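In the two complexes below, chain A is the common chain; its partner is chain B in one and chain C in the other.
Then we have the complex of A and B:
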């Protein structure tokens, strides 16, 4: 069973929600976890909840990086921060992957400083899953979008590598034998989107080890056309936040309508289970977190507002990725792609 | 008014009585559903399963007491009816566990007398049985009690310890048992049995097997005398600290968990760290156990990477030293238990 290092102090609701998530994993699964952070605070939370001590180790780390801290400065000053210590445990072989709900910039930088990049990978990518329409029975409900914020602007080579990494991840984790890969662009024509995107398009079209289906536009994101969508970090982050915002907006609008009109209220009551499913589908807590791809070790970055459920799901994702040999698959894809 | 509180004056190894609850403490009895409950009387001895680690633990408690020239006795108090006594006794024989006495609850009598509430109420039954047995022990005998978090063992054992220690006077016994809802006849019996007992702080430790994984914080109000443990390796570590087991016995319990229940060295190491963090083990004991178990190959070997350079016991020592400093090493005795508050809190939490 894999051992997952968990940054106990990262996130808006740390350490309580993080520790609760780990405790849940300890009683429900066979995954071993190392909780990294302030030992006495972690133990205080643990003692008041149901947990299995056999599957939890606590590694004391006296400092932590706040959500508002400048990543570069924080990593330079706080050498004993929980996120850094957790990353070191992974490189030392005491854990197989890292999960954090902490500062995203610091998480990416901690990977850069601590993990070794996969040979040949130029830039890391933060990948995220999102719900989409299903085109055929058995198709995965989730598509993979990368990069969503690790590399703000990209060159063509980097976009091609993201395609290779995303494709390898989907093959292993989503069990799609030949994931369909698309570039997110402002038009479907191969000449659209500027030099980097045009160049990436040509290279991906020639690539034999990627099932490239061409460009897709924003309105295609929610359809089941592609399994892996490639874009630069700036665009990906905007898209991701927009999807989250829209989901919240739909729920909010429904609530407002129900308060103002009894017919709406009645209608919503009838559709309650359907809305519940929709809410579950758009709930980030259900997906756990986004992997940072491109390093020899895996980091799963979960949402800053992660609850115990989200943390637990992120740990499950990390354990699954370790078990399925995601980093090996990515290394092999990059080697072949080169 | 409290009676005299004293530790028994002992020359040489003091006599000790180990009293065990049966279901969920010794036996992995499943009675979560009616179907499982109905199945129990029909189980054969070989069908009954002991909680992992409990058999080598009891065997070692006896054998090491004998080696030390200590008078040690093992008793079982079961809430099961005498009708299944044979199966249980055969199971204990099958496990090679020697004992000095076993008590069963006469449920048939409760049914005949129409006392159906007594069928499930254990406090009155167990407390009176413990008090009844006490005069048969040497006056200076200390007691170590083993129960679980399934029903009311923490309250029963703590109450018994405090009655022996003279921390609760007779008037209070009635009041506490009435709140719990004990049968008036059993309350009167408990008072009568408690009357002639000389005040002696005999209950040294109460071990609660966290079968339901009840959060340890819930037991804080019971004081340092009560130790909630998640497995019998943790219990063995504490018994080593108290001088009832040696390190070889701790290793035997740990090996049993590895062989029979799929425990790994990593999980044993985590268990050890947990009981130390909860301050039931001091640092000297923790290091001694770590070193010995590492030498026996029962604590994890360093995994690949930089940590290979340092032996595990040194890493554990480094970890112990790196932890935030505390003013006390292990839990200190608390003031007398307020049973009225404790019972209310316990009920609310359950």
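Then we have the complex of A and C:
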């Protein structure tokens, strides 16, 4: 069974929700966790909840990186930050992967500074999942979008490598044997989007180990056309945050409408099951967490607003990825694709 | 009263819906229109509807550019295409602005080839409107997003000019005296997004005639923070199409759910007024149309799926823009900002 290092101090509801998520994992699964952070605060939370002490170890870290901290500055100054100490546990072999709900930029930088890059990988990618319609039986309800912010602008080689890495990750984690990979572009034609995208298109078309379906456009993101969607970090970041903003807006609007208008209140009560589903779906941050790809070890970045359930899910995803040899799969995809 | 040249053959429902839209304008307003396209087909539609013949002139054009045509090839071969002839009417002074629901790429290229650029403008921008929440009294329900596809990648100077042009357009067309202008970025800090955005941020902060509020992120697009949102064409195109795709998805899902499930049917009936509002809002293509900015004349690009109502609205926007001297306002903003 894998051991997961968990940054107890990362996220808007840390350490409470993180510790609760780890406690859940300890009673419900065989996964071992190392909780990294302020020992006394972790103990305080643990003392009030049910957990399996055989499955949880605490590693004290005196500092932590705040959600609003500048990543570069924070990583330079706070050498004893929980996130950094957790990453070091992984490189030292005391844990197999890392889960944090903390500062995303710091998480990427911690990987860059602590983990060894997979041989041949030029730039790291932060991948994220989001729910969309299903188009074929057995298709995963969630699509994988990368990069969503690790590499602002990309060359063709980087986009191709993101496709190889994302495809390998999806093959292992989502159980889709041949995930459909697409480039996010402003047109479906192979001549669209500028030099890097045109070049990446041609190279992916020739790649034998990627199920490349071509370009998709913005309106296809809500459909099930692709399982793995490739774009540069700037675009992926805007898309992901837009999706999150809209999901929140829908839940907000429905709530406000229900409070202010008896008709809506009545209607929403009738629709309750459906709206519950929608809320679940819009709460997709809870589903899995975003892997940082390109290193010999895996970091799963859980959403900053992660609840215990979201943290527990991210730990499960991390454990599954370790068991299924995701980083080896990625390394072999990069080697063959090079 | 301004005269608007209307491409009768552009759009998925041309010429029927376009001609109907112009007919509406002829009976409801003082605006003069020139319908440009296949004269006999235009006459056939006109013969079956009510219109004011004093307000409509027909200009025959034997060819037209299809929605799927390659813009460069089409404009090279089809010199007598309705869109091209309509643009020429404007440069010849027989009309004051142009409305088309046709091929977007061809519309941009027709402007480039036919209209004179405003002195100092480096690249054209295609702007589009979309609905979002309101944050202050009197704020326009629609935000202006540019560029959405005319210029794929942008230098700082181009982004700054888009801000000047978009701000001038919004001042005149939306009646907001000092529209809030923002850069779409992957973080709110001024150091984010790469060289072009960092440089544009500093220059916009110093620009006295732009109400620059800084960077906004993807999740702010659904809020009312900004009135004019600036980005390069690639990003704007993805964002706009994603918004369109999601709007369609919501309307689709609600319809399907209502057909398949009596509970949803009942619930939606109770919520009818609200959902009607939502459908109206998601049908925002109907609201105004997208101006192509940067030329001495204005082209309003109406959505490809425009109905008569959408075409009529685009004509009203074009006439208002002419009356309010939008292109002069833009020219003066560029001159002062240079």
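The working rule: the second predicted complex is superposed on the first by the 333 of 338 C-alpha atoms of A that agree within 3 Å, B and C clash if a C-alpha of one lies under 4 Å from a C-alpha of the other, contacts with A are read in each partner's own complex, and residues count from 1 in each chain.
The working rule: a residue touches a chain if its C-beta (ideal position, glycine included) is under 8 Å from a C-beta of that chain, and two chains touch if they have at least 3 such contacts.
As the structure is a prediction and not an experimental result, all values here were calculated from the model.
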Exercise for review: Look at A:40 in the shared chain and tell me whether it touches chain B only, chain C only, both, or neither; answer first, second, both or neither.
Suggested key: first
Check your understanding: What is the contact status of A:32 with respect to chain B (first) and chain C (second): first, second, both, or neither?
Key -> first
Exercise for review: Counting touched residues of chain A, say whether chain B or chain C comes out ahead.
Suggested key: C
Practice item. State whether A:133 touches chain B only (first), chain C only (second), both chains, or neither. Key: second
Practice item. State which residues of chain A lie in both footprints, the one left by chain B and the one left by chain C. Key: none
Point to revise | Residue ranges of chain B in contact with chain A within the complex | key: 213-217, 230-231, 263, 266-271, 273-275, 277-278, 303-307, 319, 322-324
Point to revise | chain C - residues contacting chain A, complex | key: 133, 149, 152-153, 184, 186, 193-194, 217-223, 231, 233-235, 237-246, 248-249, 257, 261, 263-264, 266-268, 270-271, 273-274
Review point. For the complex, which residues does chain A have touching chain B?
Key: 3, 27, 32, 38-40, 43, 47-60, 62, 91-94
